[in-house]
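Working notes, beginning with the structure itself.
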Amino acid sequence: MPIIRVEMFPGRTLDQKRDLARELTDGFVRACGGAGEKLHVVITEVERENWGVGGELMSDK
Amino acid sequence: MPIIRVEMFPGRTLDQKRDLARELTDGFVRACGGAGEKLHVVITEVERENWGVGGELMSDK
Amino acid sequence: MPIIRVEMFPGRTLDQKRDLARELTDGFVRACGGAGEKLHVVITEVERENWGVGGELMSDK
Amino acid sequence: MPIIRVEMFPGRTLDQKRDLARELTDGFVRACGGAGEKLHVVITEVERENWGVGGELMSDK
Amino acid sequence: MPIIRVEMFPGRTLDQKRDLARELTDGFVRACGGAGEKLHVVITEVERENWGVGGELMSDK
Amino acid sequence: MPIIRVEMFPGRTLDQKRDLARELTDGFVRACGGAGEKLHVVITEVERENWGVGGELMSDK
């Protein structure tokens, strides 16, 4: 039932996304129980020019 | 005033999005009242390779 | 598969939430097709003092 | 840098949340690399009466 | 039209929230133009036990 | 620590985004205190055909 969303920079391969969906699902089940079959993982890729930390865009760092 | 967000796969036509904004707005008003004039609907299209269910990406299913 | 989230003020009854889940699900299916069985609706209730419009909190309007 | 958000039902203990933050952080690093020191995990607890699936609230199932 | 959401720890006073809605609205208008009348600011307060950084809950730090 | 997200139409320049990250960070600190070094600003650009107000897409207005 749970929904997990990830915001990260672009550039991960399909294999990394595949691993990520698996790792987050299994990690949730280890920590909280349940079966994981209906757990959603939604990945959002955020460009460095759309992500600021400390008032500065990551594309400027 | 309410804000409704939809995450769905890409591929819907402009007409479907138009219907979706109308349906969700009218449906909210029927259920909860109010006028709907200021209701926002924000659609996010999520690629199948960015959406996992049960630890598996939808692009692999 | 789609996920719909609603942000709205508190104060709706359980019956209104029940209607809302049904209305948004059916409305999505009418606009975009699919079966709706796996469609999620997640409601977040936001206090008026946590919602500003035009720089002013709704609790002050 | 990544941000992971989890929406789940209430009722997990502090220890389960502690494990969850650790599991999701480590799982992200295993799948995607990086150090994880700055990875955020934000948990949102959603009541069953605020979560519908297939047009029906989870509190009614 | 824009929507700004803020996730922060609980504990801010109503006056601080009032200032926050004003500051974020005015700051957006200075940076990006527009009138700000329809700009939404939605604040979510996240408990320290629901926020992890580097795999550790903020309530444990 | 706080996370600020902005949803807005596409079309802002890199300079405007730079100003936006700075303005929102400084505005948060003025209103709520803290140092701002770890404050995240995440910008999401939403196409007009994906944003409805009052049941009508912004691309149709």
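A, B, C, D, E and F are the chain letters, set down in written order, and residue numbers restart from 1 in every chain.
Methods note: a residue touches a chain if its C-beta (ideal position, glycine included) is under 8 Å from a C-beta of that chain, and two chains touch if they have at least 3 such contacts.
Every value quoted in this text rests on a predicted model; they were computed, and no experiment measured them.
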Where among B-F, E-F or D-F does the D-E interface show up again, with more than half of the contact pairs the same?
B-F
Between E-F and D-F, which chain pair is linked by more C-beta pairs in contact?
E-F
Subunit A to subunit C, mean C-alpha position gap in Å, rounds to 24
What's the distance between the Cα centroids of subunit A and subunit B, rounded to whole Å?
20
Once you find the CA centre of subunit B and the CA centre of subunit C, what distance in Å lies between them?
11
Got the subunit B residues that touch at least 2 other chains?
3, 7, 17, 20, 22, 24, 26, 40, 42, 44, 51, 53
For the subunit B and subunit A complex, residues of the former touching the latter:
7, 44, 46, 49-57, 59-60
Within the complex, which stretch of subunit D touches subunit F?
3, 40, 42
Interfacial residue positions of subunit F with respect to subunit E in the complex:
1-9, 12, 16-17, 19-20, 22-24, 26-28, 30-32, 51, 53, 58
Residues of subunit C touching subunit D in the complex
14, 17-18, 20-22, 24-26, 36-45
